[in-house]
């Protein structure tokens, strides 16, 4: 008898809303068609297939050409939510992007292999640097350096900053090479190094971020982190923890354009940093024109490449992945046959694909072919290509039946799963029982130095100047408590390494390369090609060693930021 | 029913049938009830628990739980209009204003989270659309009328005793001086001393406002004191109806007699009371013939063919048992 | 009443102290040496680590460190500094908590605005098709993981329709999608609970009395039935709000909102134990406050409970949970 | 002879007379021999089973669960592809003849992974719930029955426990003990304890004051027997309902854990991990998200339907 209420359509409305949410979400592929024009190569300046992404020397475009169209603002999406602006901090996604924008250093390295002697380094605060002996350098700095609050920067501030950095321990290079600083005059001081190693002075000159001592000691913790007196060309406004910050060009003390290093340009008034950690959200933000520039995964790339409103810039990832074998007695990989069996059991290109990329460069040495002393014909000789039969044979020789050998793979939780899962699948199909032990970032680093916790792991390192320095970072016993990064105690290895470091002759380089590759202590894997997508108004990006220099971006005349 | 007292009649229930659905079974709660009530008159519905008395009361106000109702048939005329055909709006105007109800258990009848005065004022405002202040004044006035000091008007139900709560319920029911008051066993949940006070209160208020009353009880003492007419209900049917004198002096239906036999009587010196054997029949089973035959001492095969028609023993005095006639003769 | 609130606050202190002590001790037994973590990646010589331990005061005995920590915590609400980047935890939390609070408040409002009427309607129309359909739909929403819902909402409202920004923080319109994604999840549970407690009250005598007074169906249900069914509903609201103050981690990660969730996740990821300890103590503190507020709302809604609080004080007995 | 029949076995327990041997339940009048649920003792397993089997939703739920479990056990034999077998050529391909439900980003067959993966998600749901039930119920029973100091200590402990959001507590646990199947189960189990303990305690308090407990205490029946014999069986009905809900909640929570990289370690194809892993491909290869998503929804829905049916069976007043 109760009169039936007429609100039947309420439930219907909810059902309809649900369906269209589903369709919209999953129809992405379907109705994204209107801007899909069959994947023909777009007008944007796309690096052709196969052109090696080797960066010999970035000819920084002439200053005038860059400053042609200064822009008001650029909005950059970054894949890292630790927003840091203080003078001294660990390296992170945001830090690498903004360290030279906010903080002045003595010098800047514009390309891999740029050294002090051959004048490769661009001087920033340093006016002149003279070498007295292997471990002491006399540095004269400009006398008109000021920070964003107007405090003048003297030699004492620089020594204070370097001492502070070595005390806090955030930059390992400073700790390993910087001994002490000695103030000689108002604008002159001496740097004493712990060792005269090649590249040591460059590390201190390039990584020492400078700030005014008076300001630092007077400022509160919050001011230091969120509203610092910056010595670089930009200052910080609107700092939001964990979400982003805005960098504004300040009246910079160096006025003469010719002396300016590429990091000292002020080609855009405001740089807005927005932290968007979710990859799919970055591509949505780009498509929804909420940001001007974002790093995009290969899977989402296709919809931008075929769209004329966007430019895709491809570059080789600065971090090079390589596989380390734990050769200590606590691991099955102490037997060379086991190491070789594992090496032959997997295919590196599959690992690259599994990492979600479709372009990249396979390595024939732990170090990429990007350094002056790299021997090109290494790339021709065979390098552990996948050969399951050979792997099984080696396993038999090592005395293991099918599936008996158990390998523990150590994985960093924040590394993508793809490569490890495919590596595991390939090892299993080759009769090696592989297990992935995944730990959080810092626990992973702690366990990497513990030879009882793993058998193989994949790590990555950045090459800065020479293959020999890269090699010594991995193999030299000086850097590790026992043996190399893979706990290898091998006198012959150290001898060959020392020889190669002393004299970079091809013969020495080949000797070391052949020895460690044959012993299969470590094998180089790949560095994938990353891609940055920008709106069409941006003509070209200044990319140095895999890091963008935002202040030197080149804009088109018709450029206007999304915000 | 003769013509002339038609118009005097306040309430007329014709052939009311109510069936509940419980799980897969159907419960035949009320099977063809017909009764009349004149203005100012008091009709008593007497019967055991589960005979369908409360269902009758609730169907008059149409506040039966509709999720459980299977069928609700028949007509209930109130001042000529059939309540079962009323629209929601008209029904709401009727409830509390023309017809109001008092419930059995005062402990759960009142809303524990609202003040006593607001619960009374709410009904009054609904029907008289007057400002809040006036409604509150009326509420305090009603409370004093039922013997509750005015200053306790803003207290909450949990601060009152059972008896006091029932007084509040009465005040709430009588706020709009209804023409018909339905009282569903108002005193059962109270202890004996309070019962008498509440009954007197109901009688006084009723006379003062001239309200007709349908009193539902299983206590024959209460019926004797308050009611003018009586209907005895058994298994959802009226088995005997008539004036108070008819029923008390000349009970004819075996069930009515059984009820009186179960009553302790001061002047009779009886060793043991004679209760009625057994329990009410299963309401989910429709049986032919007289429903009481399974418990009736005089039951015989004739009862099974009994056509369940009411027989008139005397003007206004009816019984639903063929045997009843004979008692009058001998 | 005030005496009751004060009493509950006083009881709060020992509970939080227990939480602080548990977390502080727990973090001592966790693998990884804080000094090494503070020095960051790369390998360090032994005396460097020793120097760092000294500067962080890790060599002091456990008791003095605990005493210092609790001292700072109680007297000036100082949670210490983060091991990894040395930032003040107090400022980090005070920067991030407003975002988490906005999402939590928004989600609770949406849950109540949508869940309550839906719960009441399904209770009033129990076992009709409308009841079954809305329960099914809310169940469906409940089953979909929040990051999936979040992504779908962004694709529809931000990208296709362009009404709302897709991620990040800013004005209120940045919080619309995260709040919807966060509240859809809990809707089924809330609606079901409202329905259950409403069903109980709808069949009680007080509703029949209200109806017999001639009130309209709406006045009976919302005026009389709902106030009596509120107690279990308020418990659910309080519990969920307290949980959400811990940060809707998934939603905050998807929408890149700097709330407490990602802060704690990164803290755990980089073994930044002071951050984790400080964060969890703060969440425990806010949760306890919410529980107290819920109890107060009980008193506001139900006079019998208020009477119980006041009476309880005079007799000095313990309020029964 | 009059037949005694109690209409609707509301609250009284076992009031009606039983005729003859155990097998033959109370006989009913003229309404044929169908055994109505009223005739069984409320709370007995037969009663619960009987009323569930009449609830269409619950039957559907149970059928689905059994189907999924069966398919999961048989999947290694049914599907052509192993759950970890790589078919790099058609990675990310949509549903096709060779791969009925398509492939994931590494080219592994989704059908076999989803079917094989069912055991992990169900294991997490069941084991996690079992852990919280065992610890939670005992804690609740102890707190509820003994009251006083024990009660307030347990309650304070639960307050502390409940303060931590489930995800954060699970993460802290996984961070300390490493991620992986059993740690994931332990983490989810621990976080569920507070809910069960509170529920159990509330029931115990309600039952403790009932007459039949005082009766058994008066005939000095040992406390242990009272708890196991009287209190727990009667307090168990809301717990059963909560169990069903908790299983589905845990199954779902494992996907959030995997989202943060703490769930099941590869290569085990747990649904939550698959869903979390495929989230970046939602726009271009939606099938990779839909397949595990649909299975999770089916599983969680079925458990909820069963839970609802259980609630209606055990809590009659909510039935109508």
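Each chain gets a letter, A, B, C and D, in the order it is written, and its residues are counted from 1.
Everything below uses one rule, namely that contacts are C-beta pairs under 8 Å (C-beta built on N, C-alpha and C of every residue); 3 or more make two chains touch, one makes a residue touch a chain.
Since we're looking at a predicted model, the values are computed, not measured.
A.B. asks: Measuring between Cα centroids, what's the chain most distant from subunit C?
C.D. replies: Ranked by distance of C-alpha centres from subunit C, the top chain is B.
A.B. asks: Can you pull out the chain pair that has more C-beta pairs in contact than any other?
C.D. replies: A-C
A.B. asks: Measuring centre to centre with CA averages, how many angstrom lie between subunit C and subunit D?
C.D. replies: Here the centre of subunit D sits 24 Å away from the centre of subunit C.
A.B. asks: In whole angstrom, how far does the Cα centroid of subunit A sit from the Cα centroid of subunit D?
C.D. replies: Between these chains, centre-to-centre, one finds 47 Å.
A.B. asks: Need the CA-centroid distance for the pair subunit A / subunit B, whole Å please.
C.D. replies: That pair's centroid distance is 88 Å.
A.B. asks: Which whole number of Å gives the spacing of the CA centres of subunit B and subunit C?
C.D. replies: Taking the average C-alpha coordinate of subunit B and of subunit C, the gap between them is 53 Å.
A.B. asks: Residues of subunit D that contact two or more other chains, please.
C.D. replies: Residue numbers touching two or more other chains: 175, 279, 282-283, 289, 320.
A.B. asks: Where in subunit C do residues touch two or more of the other chains?
C.D. replies: In subunit C, 31, 126-127, 140, 151-152, 155, 203, 253, 268-269, 271 touch at least two other chains.
A.B. asks: Two or more other chains touching the same residue: where does that happen in subunit A?
C.D. replies: 25, 28, 280, 413-414, 440, 443
A.B. asks: Please name which positions on subunit C make contact with subunit A in the complex.
C.D. replies: Of all residues in subunit C, those touching subunit A are 31-33, 36-44, 48, 52, 81, 84-88, 91-92, 95-96, 130, 133-134, 137, 140, 151-156, 158-160, 162, 165-169, 253-258, 262-263, 266, 268-271.
A.B. asks: If you look only at subunit C, which of its residues touch subunit D in the complex?
C.D. replies: Residue positions touching the partner: 15, 18-19, 22, 26, 30-31, 126-127, 135, 139-140, 142-148, 151-152, 155, 188, 196, 199-200, 203, 239, 242-244, 246-247, 249-250, 253, 261, 264-265, 268-269, 271, 276, 279-280, 283-284, 287-288, 291, 318, 321.
A.B. asks: Please give the residue numbers of subunit D that touch subunit A in the complex, ascending.
C.D. replies: 84-86, 88, 91, 105-106, 108, 175, 178-179, 261-262, 265-267, 277, 279-286, 289-290
A.B. asks: Give the list of subunit C residues in touch with subunit B in this complex.
C.D. replies: Spelled out, the residues of subunit C in touch with subunit B are 126-127, 203-206, 208-217, 219, 223-224, 227-228, 301-304, 307.
A.B. asks: Which residues of subunit A touch subunit D in their complex?
C.D. replies: Going by the criterion above, the answer is residues 25-29, 32, 279-280, 297, 299-300, 302, 350, 353-354, 356, 413-414, 417-418, 420-422, 424-426, 428-429, 436-440, 443.
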